[in-house]
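Okay, structure first, notes after.
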Amino acid sequence: MTDNGILRIIARFLIPFIMLFGLYIQFHGEYSPGGGFQAGIVVAAGWILFALIYGLKAGLEVIPEKAMYWLAAAGALIYALTGVASVLLGGRYLDFYAFEAFFNTPQAAQQFGIITVEFGVGLTVATVVMLIYTFFVRRKSEWDEVMRGSDAE
Amino acid sequence: MIDIGLLLFLLVVAIAIVKVRDLFAAAMLFAIYSLLSAALFAVLDAGDVALTEAAVGAGFSTILVLAVLALARRYEHPTGGHNLLALFVVGVTGAALIYATLDLPEFGAADNPAQIHVGPHYIEQSYPDMGVPNMVAAVLASYRSIDTMGEVFVIFAAALGVYALLSVKPRRRQFVLPRRPRSGKARDEDDES
Amino acid sequence: MDLLPQFSLATVVLLPFIGALLIGLAGRSATLRNALCWASALAFLLAVLGLFTGFQSGQVADQLVWELMPGLRIAFSVEPLGMLFLLLSSGLWLLATPYAIGYMQKGGYDHLNRFFACYAIALGSAAGIALADNLLTMFLFYEILSVSTYPLVAHTGTAKARGGARTYLGLLLLTSICFWLPAMIWVYAATGTLDFAAGGILEGQVSPLAAGAMLMLFMFGTGKAALMPFHRWLPAAMVAPTPVSALLHAVAVVKAGVFVVLKLAVYTFGLDFLAEMALSDIVLYTAAFTMLTASLIAMNQDNLKARLAYSTVSQLSYIVVGAMLANAIAATGAGMHMLMHGYGKIPLFFCAGAIYLASKKTLVSELDGLGRRMPVTMTAFFLGALCVIGIPPLGGLWSKWNLVSGAFDGGYGIILIAFLISTLLNIAYLLPPVLRAFLKPLPDGQPATVKEAPLMCVIPLSLTALGAVALFFLAGWPHALVSQIFANGG
Amino acid sequence: MNLLEWLPFIVLIPLISSGIVACLPGRFWPWAFTLLAALASAVIAALVLPEAMGSELSYPFGNWQPPIGIEYRVDAANAFVALLVAGMAALALPWAKASVDQEIPERQGAFYALFLMALAGLLGITLSGDAFNIFVFLEISSLATYAIIAHGRDRRALLAAFRYLIMGTVGATFLLIGIAFLYMMTGTLNLADMAERLPEVSDTRAVRAGLAFIIVGLGLKLALLPLHLWLPNAYTYAPHFVTVFLAGTATKVALYVMLRFIFTVFSPDYSFVVLPLSSVLMVLAVAGMFAGSWVAMFQDNIKRMLAYSSVAQVGYMVLGVSLVSAIGLTAAFLHLFNHALMKTALFMAVGCLAYRAGSLKIQSLQGCGREMPWTMTAFALAGLSIIGVPTTAGFISKWYLILAAVEAQSWWLVGLIVITSMMAVYYIWRVIEAAWMTERPEGATRLKEAPLSLLIPTWVLVALNFYFGIDTRLTVGASSAAAEALLGVPTGGLP
Amino acid sequence: MMTFLSFFNYWVVIALMMIGFYCVIARGNMVKKIMGLNLFQTSVFILFISAGKVVGGSTPILRDGVEVYSNPLPHVLILTAIVVGVAITALGLALAVRIQEAYGSIEDDHLGDEDDDAELARMNREGR
């Protein structure tokens, strides 16, 4: 598939749009269907498309496996630590009204909280999907390598 | 009505998934099933769910199944006849479910318990409370935020699990029953995790 | 008097356990181990004697160690029956110590640290049973006794020993957990207490029928009393080295069993209540049946130790019968029989061991002519046999006398006859070995090299046999001791 | 800050720590951080327990009052279970170091992170007062559990994990169906709110079926016969540390949630009078006690034997519940706690054995008692506890169980309890006999005693078995308070 | 009273669930089992979502001119449940891959039954 020129060209155009769409879902989630999870999947889908066409190796050059792993943890921690922050500010866990001090209205504080945690969700989902995809697809090539190696033995 | 047709269609696809022995075909059918149920969700006013089901069921899950099929046999072993015990268990469960539906509230009625308790609060209060028009997002990320946090950790756990399982390098010798290792070297390598 | 140490009750119970710990840690030095064995036995005896003097002057206080739950206590107290049992076991432990050391070393056994440590634990648990203030404490030490004697029975580790030990532990735990424990919980549920009290705790609290059911559970649950059909463990335990058979299966373990029976009869059910209960007769007749059947079986055993084991089964039932006759005279007789049978049976086992050590003979039919080679041993055997049978001038007479008059007083004619027949059977199975040894000539072709067993074995067996004789003359004090229970209106 | 504000951190500390631990490199830091997290969680749980005795604490997340938001609602019953779970984790972790280093030399960050998630999931189920939140945390713990079971060295660990995954997910889906019915009938997910609104609709088929589905779903997690099939293999082939932790906690939490539904959400009058739940549970419990003990008697692999014994012990707990009395329920909670102590101790001892011996077949362990005396003594002592010898924790729970049966005049149950105890004697004794009363087979490798880092925690657990067998104030007090909290009535001074 | 449409809706959903459930317990192939699991769960999701539907209502996103909204709560729950489902699928399939490598099959009939404990243990020890 990596040799198919037409696909490459289409992908080159398509992938930015997919990413844009993902970001739109991510940050427009309060107004229309969508949110962190869907955005994460879409962004990951963009990357997967890239990896399908340019090869997994190229995909991993864009974002290395280690980075995915850490970002996945980071996303979950962003979510959790937002809650901790609200406790430190004197509220209950995940009580976004606690951020009111930084904003004009309580609603704004809530929206800030929602956007932050949704970002955490999106980050984790996107990286986890990429990570799982990486492992499953790479398994095949690793396996082929082993088979070849043992045949040569 | 559209959902009668959709439901029947779902039924057909589901039976086909169970019946078909070619796992590749089953995976494709499963993607169709997911898309159909996504359509059903959309009909039932659940836009967010529809989007997610389509992305996950028809996209991600299918890719994973295909990746597994690249490593394993594509065709399922035939199972000899019907599994009577399984049929019995399923029959009992189904009967219990049907028994339960006899008293369930009318589908779609506006005065169902689910529609008059708690639910309206979200519909009415989410905008005043947080100025977010998408009630699903409001409930998801604020009213029931801890659930969603749990969800994030579930998916993170899945990633860690897959990482732990599949970052172990595959070894040739695992195919055979490890009764008599062929050479000392192979034996050393066989040890895992 | 002041020379004797005055320990609290828990300390007395703890002494053998401490000894066991030290013996277990003694390492490879045989001298150190032997010294520790001696020291523990001696210390224990002194502590018991000290307790006895305190008891006589009424100075011993009850002791609460710990309260598990309201009404569930680990507590100790002392009363005449327990005192008697303590005196018996502590005295015989000291006498058995040289025998055990000699036997085990001469016999070339391994793992002696474990052996002597478990030996001491068993004695300690017997003391715990003797001093228990309530059913729970008694149950606790009863179970420790079962578990701690398991390694002793299985000591040699052969398949046969393990099989015997499995039967042993299996039956003892089975009966105690399946019958004793539920009965105890039932008593607790019914009365809210488990304490022993003079005159019993059950009267007026439960219906006679329920009490009867409890009695059955308790009596058959006390597997150590070897009531049929739960007597199998005792012959099975004969695979153990002889010192174990001697001290534990003639004294500590089985006496613990019948002690529990007596104690339950007197302090939980109360003799009066027991007499009212129709169901107690079932136990009574089962015991009488056991008494006769075990004697009959004993007659047909060629293996000397097995014969002695069945004899023990039979003799234990005397005590159970005594308890179930539910009157003061019979109960006194039962208490005394604990002591008398202990002193009568231990020389028999010692002798069996000595014979095995000296000549490797285990069967009655092989004893021909041995009396001339081992005169001391066989004489001791003779005295022990007479004591068990109950012939003057040996202590066994007095306990049997009391038992028989108890049966007479209670109007149990059948039991009276059973005692009579049983005594005849005693003669029939205990005297033949002696007669063979002294009257028959050595069979031809046998090397004449058999000599007396080592002194370490011969001295204890002579001493215990002499003790049995002495008890004939000193029977007054155990009688007085046991009678105290009933003197103050019990 | 007052204690209530700390309440959610019982769950949150392990959960958040898992994110951090996943990124820690090497072998020391993941373990140390995990230990700290579990300790902190246990300390908070210990502080909360006295507070929760006799009163209910409610912590609304996001400050949204229930039933709009999700709350943690804590009374004596779940505070007790939470302390048990967190405490067991904190006690098991010091033991983990050596064992995990040996079994899982690499990627320990991921392993400990998964462990923490399993722990946080269990704690979350325990504390949550919201039906769907229970489902989510159940899945966190389950998913993490499948993954850590699959870490076992034996390849059958993979199969065990897979089968557990299938059965566990079916169970969770059943739970979800039950929640769906209850939600459709009441319109709420909050348990307390649900309890208030249920009486109006309780006489409907949907609600009855809902309860049935919830019980079947939780029964799977609880390993109640005949839904126990996943347990023996999962326990046998999981890494030893995982078994140690799971054996003490996982089924207990499922039992607690079941009790919460039976007693609080539905009233006992409903569950046991309208539905024949009592007899169903009793039959299953008795069958579990018997079948579990029976099969355990014939196992060659010690770990598998103990796993079947766990099935039997779950039967004891459910039996206590099925007697529907204050004493019975107290007995169930007591056994829940005590069984955690004894099984953890036993599996720790077995882990010590495995650390040196490799194989856990009884035949290959003949004579090991003399080569590993401390390990085998610990095993024997913990075994006494499972048999129920006085002064051990096992005796106390057996005492209460029999007391409850006597009180209910069910003599046949008394008989069954003692008979299964005898079976326990048999299977424990088989190991002890092999360890001490037989000689080491010819040519067998000499075993060294396990390292102190394994032995000390094992002996701490053994000591606790005896401590709680002697000092019963805490356990009996907390258990009867828990029973009171569930029954909603004072039990009137238990004997 | 319930109308036919209601019953039809619920019963088809139940039929779907049972097909999935049957697939889980009766099929030996692990991939098929996981698919069955997904079928089962997805059908339960449909049940949940139907509980939130109000006839004549619309997607719960606040807009002018819309009076009746469907209940957003089930949607939220099912969003979470879908994520849980995909997590399980991923882990299950990863396990299937490893089982395929270790046994050469993913037909769960009697895999592992004849594994030799002693042999595996010895190899583990030597691998150490």
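The letters A, B, C, D and E name the chains in turn, as written, and every chain counts its residues from 1.
What we mean here is this: a residue touches a chain if its C-beta (ideal position, glycine included) is under 8 Å from a C-beta of that chain, and two chains touch if they have at least 3 such contacts.
Bear in mind the structure is a predicted one, so any value in this text is a computation, not a measurement.
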item	value
Given subunit C and subunit E, the chains that contact each of them	D
Most distant chain from subunit A, judged by the mean position of its C-alpha atoms	C
Of all other chains, the one whose Cα centre sits farthest from subunit B	C
Chain pair with the greatest number of C-beta contact pairs	B-E
Length of the line joining the C-alpha centres of subunit C and subunit D, rounded to whole Å	44
Distance between the centres, which are taken as Cα means, of subunit E and subunit B, whole angstrom	4
Centre distance in Å when subunit A and subunit D are each reduced to the mean of their C-alpha atoms	36
Mean-CA-position distance for subunit C and subunit B (Å)	70
Overlap residues in subunit A, where contacts from two or more other chains coincide	31-33, 37, 69, 73, 76, 80, 83, 93-94, 96, 125, 132, 135-136, 139, 143
Residues of subunit B whose C-beta touches two or more other chains	47-48, 52, 56, 60, 64, 67-68, 71, 97, 101-102, 104, 112, 114-115, 118-119, 122, 133-134, 136, 138, 140, 142, 144-151, 153-159, 161-163, 165-167, 170-171, 174, 178, 191-192
Pairs of chains, among all present, that meet the touch criterion	A-B, A-D, A-E, B-D, B-E, C-D, D-E
Partner subunit B, residues of subunit E touching it in the complex	1-3, 5-23, 25-29, 31-32, 34-36, 38-39, 42, 45-46, 49-63, 68-80, 82-91, 93-98, 100-107, 109, 114-116, 119-120, 123-124, 126-128
Residue ranges of subunit A in contact with subunit D within the complex	69-70, 73-74, 76-77, 80-81, 83-84, 87, 91-97
Subunit D residues within the subunit B interface of the complex	15, 18-19, 22, 61-62, 64, 67-70, 103-104, 106-107, 110-111, 113-114, 117, 120, 124, 132-133, 136-137, 139-140, 143-144, 146-147, 150-153, 155, 177, 181, 183-189, 197, 201, 204-210, 212-213
Complex contacts: residues of subunit B adjacent to subunit D	96-97, 99-105, 112-119, 121-122, 125, 142-147, 149-151, 153-154, 156-158, 160-161, 163-165, 167, 174, 178, 191-193
Interface residues, subunit D side, partner subunit E - complex	102, 132, 135-136, 139, 143, 146-147, 150, 153-156, 158-159, 161-163, 165-166, 169-170, 173, 176-177, 180, 183-184, 189, 300-301, 358-361, 364
